[in-house]
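These are the structures, in C-alpha cells.
Okay, so subunit A shows up in both of these, paired with subunit B first and subunit C after.
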Partner chain A sequence: MKSLVLVLCGILFMSLGCSKDRNFDERELHLISPEKISGFDPIHVSDMYSGNESGKVYEGLFEFHPLKRPYELMPNLAESLPTVSEDGLTYTFKIKKGVLFHDSPAFPNGKGRELKSEDVLYSIKRLADPKLQAKGWWVLDDRIAGLNEWKEKNAALDASNYAEEIEGLKKIDDHTFAIKLKKPFPQFLYALAMPYTFIVAKEAVEHFGKEFLNHPVGTGPFILPVFEQTNRIVYTKNPTFREKFYPSEGEEGDDKLGLLADAGKKIPLVDKIIVDIIVEAQPKWLSFQKAKADLFEIPKDFFDSAVVGGKELAPDLKSKGIRLFANAQLDTTFFAFNNDDMLFKTNKKLRQAISLSWNREEANKLFYNSSAVQAQSVIPPGLGGYRKEFKNPYVKYDLEQAKKLLAEAGYPGGKGLPAITIQTRNETVARQIIEHFAKNLEKIGVTIKVGMNTWPELVNKVTKRQHQMYTMAWGADYPDAENFLGLLYCPNSSPGSNGSNYCNPEFDALYKAATILQDSPERTAMYEKMNEMVAMENPWVFGFHRTKFYLSQAWLKNYKFMEFNHSQFQYLSVDLEVKKELSKKF
Partner chain B sequence: MKTNSLWKDAFIRLSKDKLALVSLIIVLTYFFVAILSALGLIASNWSQEVGASNLAPSMEHFFGTDIFGRSVLLKVIRGTQVAMSVGVAASIIAIPIGVLLGALAGYFGGWIDDFVTWLYTTFSSVPNIMLLISITLILGKGIFAVYIALGATSWVTLCRLIRGEVMKHKEREYVQAAGAIGGGHFRKLFRHILPNVSHIIIINTSMQFQIAIKSEVILSYLGLGVQGEPSWGTMIDDAKLELVRGVWWQLAGATVAMFFILLAFNILSDALRDALDPKLKGK
Partner chain C sequence: MTKYIIRRLLYMIPVLLGVSLIIFVLFNVVSGDPTAVLLGKNATARQMADLREQLGLNKSLFSQYLDIVKSAFTFDFGYSWATKQEISQMIWQGAYPSLCLSIPAFVISTVVSLLISVFVAYYRGKGIDLFVRVCCIAGMSISALAYILFFQWFFAYKLGWFEISGFEEGFPNFISYIALPAIIWIVLSIGPDVRFFRTVILDEIYQDYVRTARSKGLSEITILLHHVLRNAMIPIITYVVIQIPSLILGALLLENFFSIPGLGGMTLNALNSSDFPVMKAMAIISSVGYIIFGLISDILYTVADPRIKFK
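The block that comes next holds the complex of A and B.
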C-alpha cells in the first residue's frame, strides 16, 4: 500500500512538473507536423509538410503576402518585382543587399557570407542537375533557355559542370541577374515562390555533401544547425537576419481582427519554434488540449468533439480562449468520366443525368460535416475565373430530370446501360463516398461498382486509360486557375493530368490563348468563360471545394489561414501575458 | 465381438462431447443463415435505408444502422454469406490439390516427391498474407479473386500431412496384401490408402475454414476483398473511423459474428481430431 501511495505521489509530481515546465520568458511557438519530414534539401521538398519546415530556414526570391487575399506575390529576397522585356521572355531581377547566410562551419571562420546573384543561378542549376534527380524539376522543365540542354549534356559527365554559362541564366552584377525563358510562362514568378527554388549556398552543399539535407544553411528567419531525424525540431531566431518588417496593410477587416497590431515590427516575432511530429490523430488532439501545441488542424473524426452543431466551438474549448478557424481550400473534388470511352464521349445527356442524381447535400453532411462548398465547375472560389453567381444547372439533386435525360440518352430506366466501375483510392472514406454515389444512382437505374486501388495503381490505371470513371481531388500548386483548367486541356490527356481525356477544340483554343497572358481582367474573363463552358459539358461530376478547420490557442497572434504557408511562421507571435494567465486553465 | 466402423465410433465419441455438439450446432446455424441469404430469402434488401444515419441499437434496429442508414443486422447476415462462401470455395479448391499432390508425392516418392516438396516449401516460405495480397492484385479485386487466392494458398498444410501419412501407410500389410492379389498403384492408393487417411482431410478442413474466414476479413479490411457487398472486414474498416464518434455497433456486429464462428470451428476441429485420430483413441 505504501509503495502504491509513493507511485501515485510520483505521478502527481511528474504531472505538476510537466505543467510547470512551460516557458513564459521566451516567445516560443509550438507547432505540430502531421507527417514525417523528408529532409531540408529544397530541390527535393515535394510535400507540403517538409515545405513548411524548409520555409523556416530557407527563403525564395518571392513569397505570398501573409494577409492579403486573393493571394498576392511580394518580393522576399528579390528587391522588387522583376522588369520583363517586351517579348515577355527576359526577366531582370535585383536581389536585396546585405542578406547573410546563416553562420556555419561551411564558410571561412564560420561566418555566413552575403547572398549574391551567383547563389540564385547556382540554386536553379542545382534543380536541373541530372546527378541529383530533383523532385521539383518539373517546375522549370522546358522553361529556361539552355537549361534542358545543360541538363542533358551533364548527364553523361561524371560531375555536373556548374561553371558553364547558360544562355537563359545570366549574371549582370553581384546583385542583378537575368533569366531568359524559352516561351511565355506567366506563372514563372509563382515557381520562384515554391520551396523548390529556395536559395542555397554552394559552400554548404559542398561542405556537407550527402549530409546536406540534414544541415540546412539558408538566409531565413530561423536557424537549425542539425536536423537529427527525431520527432521534435527546435528552431531558434536567426541573429543575423536582415531588417524585415511585419506588413502594415492586409485584407479588409484584418485590422479589426488584430492582424495589423504588429505592423512595422521587425520579424521574426518569436524566439523559438518547436515542432513536434505527431502522425496519429488521438495524441495530436491530446497534445493540443494540454496546450502543448498552439495551432491544430482538426481531423475529420474529431470534428464533433471540437465543433458543436457544425459551427460553434465546444464550450469547454471556448472557455479556454481557443479560437476556431474554418478555411476554404483551393481544391476541387470530382468524379471524372473517361471520355475516351464511347459510352461517355458521345453521350452528354448520360453524363448530365448521372450528375443530377447525386445528392450532394447528403454527401456533404456525411463526409464533410456540411462544411464543403458544392463545386459548380473546376475552379474553386478564391481564384480568378470563379464567379459566385454562376450555378451549374446539372449540379443539383433532381431525379425526375435525371430520369428524363437518361431516357433521352437512350437508356430509359437504365435499361441497356452496362454497370459502371469507378476507380478510387484504397481508403475507407473514399470507398464510402462511392458507396453513397452508387446508392443514389441506383434510384435512376444506373449500377455503379467500386474499384479500389493503391495510390500508384490508381495513377497507373488513369495514365493507361484503363478506367471508366475515377475520383480524385486536385489542390492548387499556385494561385492561378490555369492550374485547374489544365486538367481539361486536350494535349494534357493521359498520361498527362487530364485523366478524363476530355477534348473540346473551343476550350483548348481559349486555354492556349489565356495561359500566355499575364494576370489581367481580360484573362480572368477568359477563365470564367472556360470554367462555365465545361460546367455545361460535364466531363466530370463536380464534387466539392473542401474546408479545413483549425484551432488556435488564445495566445497565438497574427494567425490567418494560408494555402501556401511555408513562409507564414515568421509573422506569428505569442502573447506571453495571455499564455501565463490562461495556462492555469489547462 | 461386434465392432463399430471408424466413422460410427467417431460419431459416438463426438456426441458425448457437449461443447463440440454446441459448436457443431453453431456452425450448422451459420451455414443455414448463409444458405438462406444466398437464396435471397433473407437480407436481400440489405442495401435499403431503414432509418437515419448511425442509429444506435434499439428494438427496431437490433444492431443499429450504418452511415447510410442501412441495417447493420442485415449487413452482418450478408457478411456471413460472404464469409461462409469463402470458406467453402477455398476448401473446394484446396482439398483436391492438397490431397492429390500429397498422395502422389507420398506414394511414388522419387522425383515426384522432390517436385511436390519443392512446390509446397516454396509456397509456405512466402508469408501467407503477402501471397494473398499479390494474388488478388494480379487477378483483380472481387469475391472470385478471394476464392482463388485462398484456395491456391491453403492446400499446403493438407498436402504435407497427406504426404506423410501416405508414406507411412504404403508399407503397411494391408497395402502389400492388396498388391499381392494384383491391385495396381491406382487401386492401392485410392481404394485402400486414401480412405484410411481421410480423417486428416476433415480435421484439416475445419481448421482451414476458419483461416479462410479470417483471411477474407483481413483482405476486405485492406480493401482487397469483396467489392460492393457487405463483409465483416469492410464493416470493421468503417468502424475504425466511427469509433471516435461513439458508433460502436458496426464493429460489435462484425466481431461478435466472427467470434462465434471462429470459436465454434476451433472447438469442433479439436473435438474432431480427438474423435477421428486413431492414435488418440481411448485418451
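The block that comes next holds the complex of A and C.
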C-alpha cells in the first residue's frame, strides 16, 4: 500500500510544473480553433473553422488580398485574372507554372508533381460528383454548361465517369483551360476563392479513398501528412512551396501600422503552425493569458475582463503588449417571421408593430457590449447595396406607434392575437435574447414563447415550415450582397435558404435581373432598392451586424482582420525577439 | 457457473434486439430529417433528396431496422455521416484519451472513498464522522462546473502546476494533461461514493453477527475489515461495476473544458450534427457494456459471498 501511494505521488509530482517550454528558435504560430474540424476534403468544408484549416494546405485559383479593403480578389494559383468572352459566359484561365503538390505516397516515388489544368477541372467535377454529395455544390449548381447534366447522368452509375468531357469544362493545354457558364454569374470568381473549389490531386483522392479527408495533399504553404481527430493540429512549412511573396500594397494606413514591413518577403513567414482546438471559453482565455495562443477571439463572458468601457484594452493586458482589434463582421442577425403563416403573411402592420417594440439599444448593451450595429435591413455595412444614411422607420423603439399599428392590424392591446413561438437554438445567449424580446413585446400585449431546439431540430422545423418565427444569424460566404438578398428570394423558400418564405414578385424580378450583372453602379442601385424594399416590408425583425473582438500578442505581426481568412495565415509572422522579451511577463 | 454465463450471454440477444428497436424508433422515426444539417446552410431540396437516397433513409423502415440490428451484432457501424470517418476507428481513437482520464480517476476515487468510508464507520457518531459527512454534502452541493472553473483557473493558470487544456498521447506525456481533470473527477466522486459506502457499511455494522463477533472479543478493526466490509461488498460491487461502461463513454464536461479528444466530445458533436450512425454506435456500445458489466458484477458476487450460487 505504501509503495502504491509513493508511485501515485511520484506520478503526480512528475506532472507538476511540467508545462511545456516556449520555443524561441522557430517561428511558431499558435492559434486556437473553437470548434472541431470536420476533415480536410475541400468539397465538404462548409464551416469557417474547417475552411481555415484547409486553407493552410490547399489553395484555390484566387484568394482575397490580405490587406486591401473592400475585399479584393487576387490571383493565387491562377496566373492572372481570366479573360472573359464578350457574352460574359466563357472564362479562360491560365494557371501558374511550376506549382507542386505536397510530397505524398500517392505520387510515384512519393514526390509531388506539378499542378496542371486537369487538376482544376477534376476538382470542379468532384464538387458535382453525385456519389460525394458535396456540401459546396450549391456554389456551382446550375452554373457551368453541362455540369448538372453530368451529375444527373452519373447518379445512375455505380461510379462517376470523370473521363467524360463536359461542355463547360475544357482543357486547352497543361496550364490553360476554359469554363463556360450557362448564364452570367458575376460571383463566379468569388466561388473560385472559396475552400469548396480548392484544388486536389486525383492521385491523392484515389490513393487514400475514403481516408482522403484525413490525408490532405494540396499545393498550399503548409503540410499536414495525416490529420487525426485530436485536439491539436501541427502544420509545418511546405519545403516545395513556390515563390510567393508578401504584398507590397495595402489599404491606406497599413504602412503606419507596420503591415507592409514584410513586403516582398517570401511566404510563408512562419515555420510551423500549431492549432489547439479548445471549445470552452475559460480554457481559451487562460491559454491566451499564458501566451499559449498568439491570436484570440474574445468570448462574450470575458469581454469585461479584456475590454474596459467597451473600447479600451484592460491595463494588465496592455502592459504585456497585447493588442485589441475590433472588427465589424459581414453578418446580420434576425428574427424571421414565417410568411407562410397567414398570421404574418397578410398582416404587414403586425410585423411592423413587433419590430417597433424591440428595444435594440438595450439588447445591444446586454448581449453585444454595445459594439454591434443595428441592422436597418438585410445587407451589412461593407457590401454594395448598404447605404449608411438609410434608416428603417421600423427599426426603432417606439411603443406608441407599435400599439397603434397593432390595433390597425386587428389586435388592439394584443387582444385576439395568439401567443407566438420563436424557435431558436439550444444556447444560453440565444434564449436570453428571445427572453429580452418577449419582455419588450409584453408591453404592447404580445405574448412570445421560446422554442428551444438542438441545431438539427431547428433546421428541420425551418425547412419543413413548422415554425411561426425563428432566430438566426447569416454570415457572408463571399463579399457580395447577393449572398444576403438571396435569403428573401421566393424560389429559395424552405427547404432553401429563405426560411421566412417571403415572396414579393417585385423583389424577385429585381433580384433576378441584378444577380446576372457584373459589379457596377447600376447593380449597386438595384441592391439598394431591394434592401430598402424589404426594410419597409419587415419579413424579418432586423437585429444586428455584430463586431468581433480579437486580441493578439505583441509578437504577432501582419495581423489584420479578414472575413474570408482561409489563406491569411501564410502572411502572419512572429517576432522572436519580442516574444522572448515579453514572455517573461506571462 | 459456465451454464449461467452462457445463458446470460444468450439473454443479450433479446436485449440487443430491444435496444436496436428503441434506437431505431428514436433515430429513424422520432428524429427529423438529418440531411439539412449534414448539407449545411445552402442545401437545396434536390440535394437533400439525393442525400436521403444515398444514406438509405428512403429504404423501408423494416430494412432500416435490420441495418441497426446487423450493426448491433457485428459491431460494424460503418462511416460517420458528418466526418466521413470509419466509426470503429473514431471510437478507437476517442477511447484512449477517455480511458486515460477515467480509469485512474475512477480507481483512485473508489479506493479513496472506500478507505474514508471504513475510517468514518470506525469512528461513527464521533466528530470526525460528522465532519466528513458535512464535507461530503457540501462538496456535492457545489456544481461540477464550479469545481472545473475554479480548479482550472487556480491550479493550472494561477499556480501553473498543470496544463490548462489539451492532450498528448503516450506515457508519461498525458499525465500533465489528465492530472487536473482526474483530480476534479476524484473530488466530485468522493462525496456521493463515501455517503453510499458509509451507509452500506453501517447497515452491516448493526447486524447480529457483528455483535456476536464483538462478544467473542474480536477487535473493532478486525470486525470491520474482515467481516463487515466483506458482507457489504455486494451492493458496493454493484455500485462500482455498473459505473464502468460509463467510463468508456467519457466525461463530457471534463473532456470539453480540458480539450481531451475523448468519446464524450465525439458523442456531443454527433448529436449536434445529426450524425445518426455515431449516435447509434455509442448507444449500442453502452448497452452492450451495461449487459457485460452487469454479468461481471453477478459473477463477482460469488467471490464476495460464497453462499451465492448461480442457477
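Heads up, the rule we're going with is that the second predicted complex is superposed on the first by the 566 of 586 C-alpha atoms of A that agree within 3 Å, B and C clash if a C-alpha of one lies under 4 Å from a C-alpha of the other, contacts with A are read in each partner's own complex, and residues count from 1 in each chain.
One rule holds in what follows: a contact is a pair of C-beta atoms (placed from the backbone, for glycine too) under 8 Å apart; a residue touches a chain by one contact, two chains touch by 3 or more.
What you are looking at is a predicted structure, and each value in this text was computed from that prediction instead of being measured.
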item: Partner chain in contact with A:432 - subunit B first, subunit C second, else both or neither; value: first
item: Touching partner for A:463 - first (subunit B), second (subunit C), both, neither; value: second
item: Dominant toucher of subunit A (residue count), subunit B or subunit C; value: C
item: Which of subunit B and subunit C A:452 touches, first, second, both or neither; value: first
item: Common ground on subunit A, meaning residues reached by subunit C in one complex and by subunit B in the other; value: 457
item: In the complex, subunit C residues that touch subunit A; value: 31-34, 36-45, 47-48, 50-51, 54, 79, 82-86, 90, 93-94, 108, 149, 152-153, 156-157, 160-169, 172, 175-176, 179, 256-261, 265-266, 269, 271-274
item: Residues of subunit A defined as touching subunit C within the complex; value: 8, 11-12, 14-20, 36, 38-39, 41, 44, 46-47, 130-131, 133, 135, 137-139, 141, 155, 210, 213-214, 228-232, 276-280, 282-283, 286-287, 289-290, 292, 454-457, 459-461, 463-464, 474, 477, 495-497
item: Complex contact set, residues of subunit A against subunit B; value: 281, 300-302, 304-305, 366, 426-429, 431-432, 435-436, 438-439, 442, 449-452, 457
item: Touch list for subunit B against partner subunit A, complex; value: 47, 53, 67-68, 137, 141, 222-224, 227-228, 234, 237-238, 240-242, 244-245
